[in-house]
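In what follows, structures are represented as structure tokens.
Consider the two complexes below, in which subunit A is the common component and subunit B and subunit C are the respective partners.
And then the complex of A and B:
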């Protein structure tokens, strides 16, 4: 029962859990930045009109979106050593997997964002002498990003929760750190409860922030 | 890269016993489907309930739905699974706690279904709420003006439309239920991820075969879920509204 719980081990475990949290956040940020850049390129490839380029991008995105992330984590973890001949470590493997995986999801968001910009704007940009890339970089993408900020953040919210899946390859994220600390001090229940509260606090604030952004952007439009 | 393909591993018997790895994979698929479908039923029932609650005019009751969604949406699925598996039994009354820990049948499976079902219910609730709120305000008022009670308005006016509108997002949630079911391996359910990991370890490096077959089965499951929902969508389509072919 509740009165058997002993939360006095939390201060002892705090450094280890903090380190785990730091990795979870690092993984989220790396995958977000890498994923948005790669995803934008994929979206541009899909909208480029080139048959092969668009086709390849579509196959990549559809494949990533149809495979469970947990399987993808295992694929990369076991395949990278096979391809390169040496192990890359759980943490690096996780970063690579999450970046490549999230890119597919960000690319769909960016594609919707780009398609939400009226075609006339691209024509106008071309008419005043911009190249295709200039029209994208100066006219379309800035607006597409701005319109899609809430959706991009929602995806990042999902990404942050999914980082807990690196548990499968033994990378030490916050969940794994809690498990380790729980075993070390024989207080698994308290540790799990403690990190759930941290997860909740972070995710809840992030979702409130997304709501706030949604409202702000809605007013400006 | 010189990789030695060896598809025969699926017909090899496992070290302890006379089952083949192929049988393992088939069992794994069975558990994956069982978890996903059972969780989907829970998610649909509780998610619809929570979603409806969030739209009722009484703010106090609507709050219950809001709290439900925020609670199950803001903690990662794997974390929720561990909470149900390791933490909740400790917080139960003494006798019940002992029973859960020692005698409860199919404990891993039930916990996994519960965790996945509740996690998915929060997402379903979001869709149900969005579906109800997407209807013109006049529909509710018209229902009430006809003399329907609040409950009747939901039953005969709002829900029949709302549920049809949200079939496409529900389809992706159904597919997600299959994709997310893999976390059950972490508490020891012998589903596809579990089998896959076990095969990688035991077959001495037949990594690609061991991962490829479960991966393909996941894709097949998700596709089947998609087709089932497509049939539901066609059957339930409202004349005059756009429907996917």
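And then the complex of A and C:
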């Protein structure tokens, strides 16, 4: 059966797959940057000690983490137009959902990272006259980020792989593009094989990059 | 310079400080000692407001630390503090450690801060290490950098919270030497330490704490000559005759 494979259709499908890949990457990057920013704020809110602020952040994080991503994608896509009265488009909707979803996961990683910095470091920063926010910005977060890079990037791999879920709202990521091409040319198996190789190549090279980064930014202790 | 008046502090139900009162005048060196858990580290952290107190009043250079309206960052910027575990910022080079407070808090330029930092590093005998990171230095060296970092803010007084207790024995003296020099230059210092040799050499007064109370507050000669309380006598005989 395997000798019936015909990979000659791949070049024909490349433009479509490339476009899909571009969207997957765009979605990953937007959700990663937005998620890290929002996630940091959520983590700081949870650690703020303010009852309402911390409580609200906790509810948000718990809610996001207990609902399957696929369901969030669908909900968001159908709910927002109902609430705002106008459609947001599949791609925008996906980007917003992924950002909100990632933020919840990143915030837990950030929270652990921030808590891993000894209290003495904060005291030292405060003792030279820094404000709470300066101590966070110059002392705690830079160290926390360094400690968290491996976990953050692992979470980002998962995010990249999860971008394939946007098929549910009809957005075209790499997997969907490959599937479409497979149907068109009647070569589904080849297409799936091909995108698997691409997923692997991207994730593998990223993990090599993580290893390299770890060595470069590790704090000497 | 520093007035501590009837200070009491609780962690939940547990009372860590009970009615502590003492004061330190300008240029004075006061050593605070006592068994572990006696509240001495907590007391010194109250002086610059790192730990809040529930009762009593602390005044530093005319500013009430315990007032809710006090601008604590501003006050702390001219009260130097040195910690047991050095607490240098491990992600910054030594030069950056010395510059960060000057630049971000005092608003000095990078060049100015760098120059002042290098001068102080020279003073603690470590200018060969300017571009290293804290993790590359020994404990004693790190603590000397930490003292230089505190000095870089041109403090009006210095707080030392067990500055030598995390050090290997052979490194204690290099840190104490810097502190002795500082004391002899007339710096106002409050020092939590078990180093009685240091106390004998430079302290004006010794405060002895036990179970959250100041049990003894006497001049150096009085304290080492004949402490009034039994607790202080026991403590002294234990740490002097080992």
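Quick note on the criterion: the second predicted complex is superposed on the first by the 206 of 221 C-alpha atoms of A that agree within 3 Å, B and C clash if a C-alpha of one lies under 4 Å from a C-alpha of the other, contacts with A are read in each partner's own complex, and residues count from 1 in each chain.
Here, a residue touches a chain if its C-beta (ideal position, glycine included) is under 8 Å from a C-beta of that chain, and two chains touch if they have at least 3 such contacts.
Note that this is a predicted model, so its numbers are computed, not measured.
> Give the label of whichever partner, subunit B or subunit C, reaches more residues of subunit A.
After superposing on chain A, more of subunit A is contacted by B.
> After lining up the shared chain so the two structures overlap, which partner does A:25 touch, if you call subunit B first and subunit C second: first, second, both or neither?
Touch status of A:25: no partner.
> First (subunit B), second (subunit C), both or neither: which does A:53 touch?
The answer is neither, since A:53 touches no partner chain.
> Who does A:149 touch here: subunit B (first), subunit C (second), both, or neither?
It touches nothing on subunit B or subunit C.
> Figure out whether A:10 sits in contact with subunit B (first) or subunit C (second), or with both, or with neither.
A:10 sits against neither subunit B nor subunit C.
> In the superposed arrangement, which partner chain does A:123 touch: subunit B (first), subunit C (second), both, or neither?
Only subunit C is touched by A:123; subunit B is not.
> Quick one: in the complex, what on subunit A touches subunit C?
So the residues of subunit A touching subunit C come out as 118, 120-121, 123-131, 134, 138-139, 142-143, 146, 219-221.
> Tell me, which parts of subunit A touch subunit B in their complex?
Going through subunit A, the ones touching subunit B are 1-2, 4, 66-71, 74-75, 78-79, 82-83, 161-165, 167-168, 175, 188-189, 192-193, 195-196, 199-200, 203-204, 207.
> Which residues of subunit B touch subunit A in their complex?
Touching subunit A: residues 1, 3, 70-71, 73-80, 82-83, 86-87, 90-94, 97, 178-180, 182-183, 185-186, 193, 196-197, 200, 207-208, 211, 214-215, 218-219, 222-223 of subunit B.
> Could you please specify the touching residues of subunit C with respect to subunit A in the complex?
Checking each residue of subunit C against subunit A gives 45, 48, 50, 72-74, 76-81, 83, 85, 87-91, 100-101, 104-106, 133-136, 149-150, 153.
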